[in-house]
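Letters A, B, C, D, E and F name the chains as they come in the text, with residue numbers starting at 1 for each one.
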Amino acid sequence: MSDQPISRYPVPRLEDLPEDIRARILQVQEKSGFIPNVFLALAHRPAEWRAFFAYHDALMEKEGGLTKAEREMIVVATSGANDCQYCVVAHGAILRVRAKNPLVADQVAVNYRKADIAPRQKAMLDFAMKVALDSGRIGEADFAALREQGFSDEDIWDIGAIAAFFGLSNRMANLTNMRPNDEFYLLGRLPKAK
Amino acid sequence: MSDQPISRYPVPRLEDLPEDIRARILQVQEKSGFIPNVFLALAHRPAEWRAFFAYHDALMEKEGGLTKAEREMIVVATSGANDCQYCVVAHGAILRVRAKNPLVADQVAVNYRKADIAPRQKAMLDFAMKVALDSGRIGEADFAALREQGFSDEDIWDIGAIAAFFGLSNRMANLTNMRPNDEFYLLGRLPKAK
Amino acid sequence: MSDQPISRYPVPRLEDLPEDIRARILQVQEKSGFIPNVFLALAHRPAEWRAFFAYHDALMEKEGGLTKAEREMIVVATSGANDCQYCVVAHGAILRVRAKNPLVADQVAVNYRKADIAPRQKAMLDFAMKVALDSGRIGEADFAALREQGFSDEDIWDIGAIAAFFGLSNRMANLTNMRPNDEFYLLGRLPKAK
Amino acid sequence: MSDQPISRYPVPRLEDLPEDIRARILQVQEKSGFIPNVFLALAHRPAEWRAFFAYHDALMEKEGGLTKAEREMIVVATSGANDCQYCVVAHGAILRVRAKNPLVADQVAVNYRKADIAPRQKAMLDFAMKVALDSGRIGEADFAALREQGFSDEDIWDIGAIAAFFGLSNRMANLTNMRPNDEFYLLGRLPKAK
Amino acid sequence: MSDQPISRYPVPRLEDLPEDIRARILQVQEKSGFIPNVFLALAHRPAEWRAFFAYHDALMEKEGGLTKAEREMIVVATSGANDCQYCVVAHGAILRVRAKNPLVADQVAVNYRKADIAPRQKAMLDFAMKVALDSGRIGEADFAALREQGFSDEDIWDIGAIAAFFGLSNRMANLTNMRPNDEFYLLGRLPKAK
Amino acid sequence: MSDQPISRYPVPRLEDLPEDIRARILQVQEKSGFIPNVFLALAHRPAEWRAFFAYHDALMEKEGGLTKAEREMIVVATSGANDCQYCVVAHGAILRVRAKNPLVADQVAVNYRKADIAPRQKAMLDFAMKVALDSGRIGEADFAALREQGFSDEDIWDIGAIAAFFGLSNRMANLTNMRPNDEFYLLGRLPKAK
């Protein structure tokens, strides 16, 4: 299966990449044990690659009111709604690891309303889905509902921005026919893997 | 997590069930090592239970032009479209086992168009999705497209009937808030589990 | 018009059918004066036929909090939403007979919100439509709304299960291009026919 | 049942109507044996009434390539798509009378693709539905498809204009909660009634 | 650009038109400085032309609780929802002139929820959009919401009827591929043009 | 009107911004004569601001097979589909300037199928809309259609990436309730302004 192309577009060899991109990729490989295909597939366009991962890090690595597991819930739920196989599989794995919960990713991917998550998290995902699917109707009532659950306005920006950014990511993955690495499927599913 | 209710409705105890239902359930438990929750949740209504599993077996256990893995592909793809967590998780597991492929179920659940399956199988799922989502528009052109892929008219009935039957199953799972067994999530994912 | 095929698939002759199926069909013919085409079209697959009618009877012939007319309202409203000509025409006739009301079936088929039915029945059909069209969003609020109208949880199961079962039936009718008998169109419309 | 209001809005008495409107209404009553409620409900606004029926007559009473039955098919199919009970019931009756066919209206109302009508008429209804539901995508290919079925460009204007005009009519009926006369339900269903 | 056809259909010359139609068109030209293309494109069918403009005037020129600018807001918002280029451009111009506001038309055309209009006007447009897109679900709650904003039942008829009439207009413009006059684009945008 | 807030979130003062951000903003102000609100509204989050504009420039300022006007067409068409007032108004202005055409932006915003653009540009926008609205169904046939119009695979990446990036931008504008500058509305509409 690993012979399948990971993108419709040419995928650069590590050694042909600009130094900064190669360094980051090697660092990820070091940490994860493999290179997630998104790093290679998007490297076909170095300038876009740099902006993409800068944006990603600004949202996913920052401090804030959302836990890292909650951010991954947003990614998995909205990527499911956007029919993005790469992001559901890859971020499903990260969600399992971050939440230390082997079940939650598959639940959220299909129907977060029935997942083993808190009511506050379901409200968070209701809003993320509205950003993903019907952002023109976002209004004060949506903000009020989240504030009632204890989210600050900065948290709400985070929720919306993560949904918006992965909407971009989902579309790029669908455009390039990006293939999830085989490694993601099992990650975080086994007690020892946590 | 196993303390969570498996249905919004009362779940009968095995010993309170009619003999025929209990016998079938014990047989499944014997074979699978656990009792899939659908057998217990639907047993709240024995007459419906009997009809449900008779229908299930008539479609899923019969001989025919579709392999058992292909039938499970239909279940997983259409259950995803119907937002049914129970069926995606449970039949995703069965699909992995039947296809001897740990990746295919997650792929089909999110977007079968990008799954590691044959073009003939994608055509099969195109039709299953039309039955699930827009059956009033089924016409001769749909039959012609499937015949071109080598499906007989009896195969087409099978594809359509499986999509239709699991549409019923998906709605019952959503009505009862049926919870997938924890065991399903890992089933068929490990080399040794196959 | 009666020369038109009643199914895309071969329709068995009565004398070629298994004894149990033929007996039931003759009994229906005795009672109704004609054989509704669904009995013949589905008999192409005897095992599925048996499960289908066992399920049908378990939902439509049982005792319970819903009147028989109310059950037919569910069938007509959801079959309209599923674009199923056979079920709207056939069950529209049965609804007219059961409700002793020559107008209600045509009203419910187009827009039940404007039909001559009770508010409680409109709430019942709101829920049935959600099961038919968006079952993944069923939640506690839906159950609460029905309980407020006096429905028990068992009634709610009935409403949901009828919508789910006829969703299967609608899809099989669309798959097989099932043709409603000419007799249905006039049934229950004339004062004397009641 | 005849005690039910026929509109959310005040309905003028015949004797209070302007002479031209009353004359037309009496003429219709003379011909049909009853006054279709649309004539009374819309008379709440005489200026709009006059424009409405002038438009109606310009499309439905003129000579042209479409038979009167075909024009009513367009009304019934698009009114079904617009969830308009009044127009499906009232124009279903007229369609039965015009087509001298007691079955065709119920078939077209639910799913014209499976009705006992000619392929040319199904193409006509495909276009009418596009005008009703997605007119922004009408393009040369749609015109070409109809020309291939023998429709002239003037016929295509008729098809589109009828779908557009009854879209207005459907919305007015839904706005005013217009009730179809009981008389419509049976009209054209009995051999002698033709 | 002015060489582009203004309709898919033949456009009559002014001198070939019936006297009443030509008189009205010359009057409009006198007042506006140009002939809006809708007057010429629809004149291909004089009887429909007369009914169309009689209906238009009955709704847009009458007295009533809605200002003329508010009526144009309804036209612009619903024409946007119906993908009608002619009506958004032409009535956007009229809205700018009537509201003496060079910004409001572009705002309403894209997303009236974020336009510089009063809450009462947003409620008015919520209802107009329901009439345009989902009239079968109009119910008492919609009327109550508008009454709370101070609209009378006659105002509500006006809102609904304008949305319904321009739904017809939008579909005719899309059917005929009607082209907005170049003059509309700049109208009402410049301080001096008001 | 200029007193209206430009964002739901706090908007930093120029002098409080990091040097690199302030410098870029002053440069834009120098060139355009005003500061487009997106530069200020997004500056609430400097790290995201930097990634956003780096991404923007990578797609919109690069060399390639698409003209700058064509890129703006993509922005306007997809922003209309995403109900984003800010982007339709702001990029509508830029499109008018880039295309040296005062009409094209309003046409594309409502219905690009009827705009004064080349067939090749309509094909480009068909694909952009699929990326914006249904990216999970992108397949080889879409690529083939664009190649037939002379687009290279790199051009297709550009089309898709612009649609994807502005999908993010649209959602951020809707999240923050971003207000278009009054200056945009008239830009590029007057002969002298070109």
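Quick note on the criterion: contacts are C-beta pairs under 8 Å (C-beta built on N, C-alpha and C of every residue); 3 or more make two chains touch, one makes a residue touch a chain.
Just so it is clear, the structure is predicted and the values come from calculations on it, not from any experiment.
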(message) Spelling it out: a chain qualifies if it touches chain B and also touches chain F; which chains qualify?
(response) A, D
(message) Using the touch definition from the top, how many steps at minimum link chain A to chain D?
(response) 2
(message) What are the mutual neighbours of chain B and chain C in this structure?
(response) A, D
(message) The B-C interface: which of B-F, A-B or D-E repeats it, judged by over half of the contact pairs being the same residue numbers?
(response) D-E
(message) With centres defined as the mean C-alpha position, give me the chain C-chain F separation in Å.
(response) 51
(request) Quick one: report the Å distance separating chain C from chain D, using the average Cα coordinate of each chain. (result) 28
(request) Give, as an integer number of Å, the spacing between the C-alpha centres of chain D and chain B. (result) 44
(message) Quick check: what residues of chain A touch more than one other chain, meaning two or more?
(response) 83-84, 111, 136-137, 177
(request) For this structure, give each pair of chains that are touching. (result) A-B, A-C, A-E, A-F, B-C, B-D, B-F, C-D, C-E, D-E, D-F, E-F
(message) Under the definition above, what is the set of chain A residues touching chain F in their complex?
(response) 8-9, 44-45, 47-48, 50-52, 54-55, 57-59, 62, 82-84, 131-132, 135-138, 143, 153, 156-157, 160-161, 163-165, 167-168, 170-172, 174-177
(request) Would you tell me which residues of chain C are touching chain A in their complex? (result) 136-137, 139
(message) Which residues of chain B touch chain A once you look at their complex with the stated criterion?
(response) 1, 4, 80, 83-85, 88-89, 92, 102-103, 106-107, 109-111, 114-116, 177, 179, 182, 185-186, 189-190
(message) For the complex, give me every residue of chain E touching chain A.
(response) 111, 113
